[in-house]
Amino acid sequence: MQDVKIHVQEANFDVGDEYRYLADDAKFGAVVTFTGLVRELQSGNLTAMTLEHYPAMTEKALTAIVSEAQERWPLGRVTVIHRVGRLTLNEQIVFVGVASAHRNAAFAAAEFIMDFLKTRAPFWKKEHTNDGEYWVAAKTTDDQAAARWQLQAKKD
Amino acid sequence: MQDVKIHVQEANFDVGDEYRYLADDAKFGAVVTFTGLVRELQSGNLTAMTLEHYPAMTEKALTAIVSEAQERWPLGRVTVIHRVGRLTLNEQIVFVGVASAHRNAAFAAAEFIMDFLKTRAPFWKKEHTNDGEYWVAAKTTDDQAAARWQLQAKKD
Amino acid sequence: MIKVLFFAVLRERLGTSEVVVQDFHGSTVADLIQHLQQRSPKWQQELASQDVLAAVNQQLVSHAHVVEAGSEVAFFPPVTGG
Amino acid sequence: MIKVLFFAVLRERLGTSEVVVQDFHGSTVADLIQHLQQRSPKWQQELASQDVLAAVNQQLVSHAHVVEAGSEVAFFPPVTGG
């Protein structure tokens, strides 16, 4: 897919650099970015987290999600970066960036990609705390967030 | 308002710097940014644009919009930057950035702020083209985008 | 006394960014518009549109809003920022 | 021959990330799960949940999906990336 950049990597990323790439295509006046970071647990004793993934499938799954977004909305450049491996507190985990001529399309597509990444892309988080290691449980709110797109006509 | 940064300025801004400020508050794991840029007209002869505003009202209007977003969603830091004066092709015009513990709140609040900025904040664009100068006409799609928030219960 | 400001295309077409109204005896924004329209056929025409937005003391209001003496009233076309 | 992969908590609980199934005569993903469950009570239990997701040749599929010989089948818990 032209203008689609999908990276699954251990290395960190720079949001300013990613924004510049998205904004550099002079046809599209709206750029939306989402960045997710490792934050403290409610219990307050997170030390790190490990991101496992299914390497052969990950990029395929992300590419399919981006293709679906491109079918729904007129998009310019799209970037998805997801880190794997060990991440400590306040590190960046995921970046989704979308350029479009229409701001509502850019917002909708970025949120759509995140909602489906959360429910369809093969990543699993394990939290390391002072009390031990725990696999993160999937959230039903994530399923609900993804499900609402099925109900929407492709009208945007 | 604590953690709200509203700037109306002629100077450019750096999306990487603005992102870093939003992400720096370690309580909020989701950061959404929107950036709007000056793009070519369909007719292809834009040379520049001038942004006029109503100085005494502009920050008040933006502050009111951000307050309304804060009432609807649990937000961390919020930044709104709008440039005024003369801007040439591919320059940045507007930045909205929102941090939240919940990604859907961050997306919704950023889009809400943009939709109301487009319909309630006193800015006017004049386009300078090879054929002359034209004031930009307001779009009914912007009114519709703002109106849909009235219909939504504060359930997000 | 009421300070009246104009912005954007309205400012350009009326040829002024600010007038001071001393003799306003009406009550609402709509009354103030009618008062200003008496200045000339051009003012009559430019302020006739329902699309003219009004702000009183820097807050967007409807044309039914009451204007107190000492207010700053601004008239402008639909906004186009962002 | 079918290559079967396990990820995350399922990988840890089964103590293996990959098995090769030679003698599978069923048809669907659900059949393959049943076949694997015969290995031991632990496998019986860990693969019993309706929440176990399946991918065939790196595509998410339902448990009714038909598994061709030579496929790569992966089982894993609901995903938690992002």
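Chains here go by letter, A, B, C and D, matching the order in which they are written, and residues are numbered from 1 within each.
Methods note: a residue touches a chain if its C-beta (ideal position, glycine included) is under 8 Å from a C-beta of that chain, and two chains touch if they have at least 3 such contacts.
All figures in this text were calculated on a predicted structure; none of them were measured in a lab.
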- In the contact graph of chains, the distance from chain A to chain C in steps is 2
- Provide the C-alpha centroid distance between chain B and chain D, rounded to the nearest whole angstrom. 48
- Euclidean distance of C-alpha centroids - chain C vs chain D, Å: 71
- Message: Please tell me the distance, in whole Å, between the geometric centres of chain A and chain D computed from their C-alpha atoms.
- Response: 26
- Each of the following residues of chain D touches two or more other chains, namely 82
- Message: Quick check on chain B: which residues sit in contact with 2+ other chains?
- Response: 36, 103, 114
- Task: Mind listing each pair of touching chains for me?
- Result: A-B, A-D, B-C
- Listed in rising order, chain C residues that touch chain B in their complex are 5, 7-9, 55, 58-60, 72, 74, 76-82
- If you look only at chain A, which of its residues touch chain D in the complex? 36, 51-54, 56-57, 60-61, 82, 93-94, 114, 117-126, 135-138
- Message: Can you tell me which positions in chain A touch chain B when the two form their complex?
- Response: 14-17, 19-20, 23, 26-40, 89-90, 92, 101, 103-104, 106-107, 110-111, 114, 145
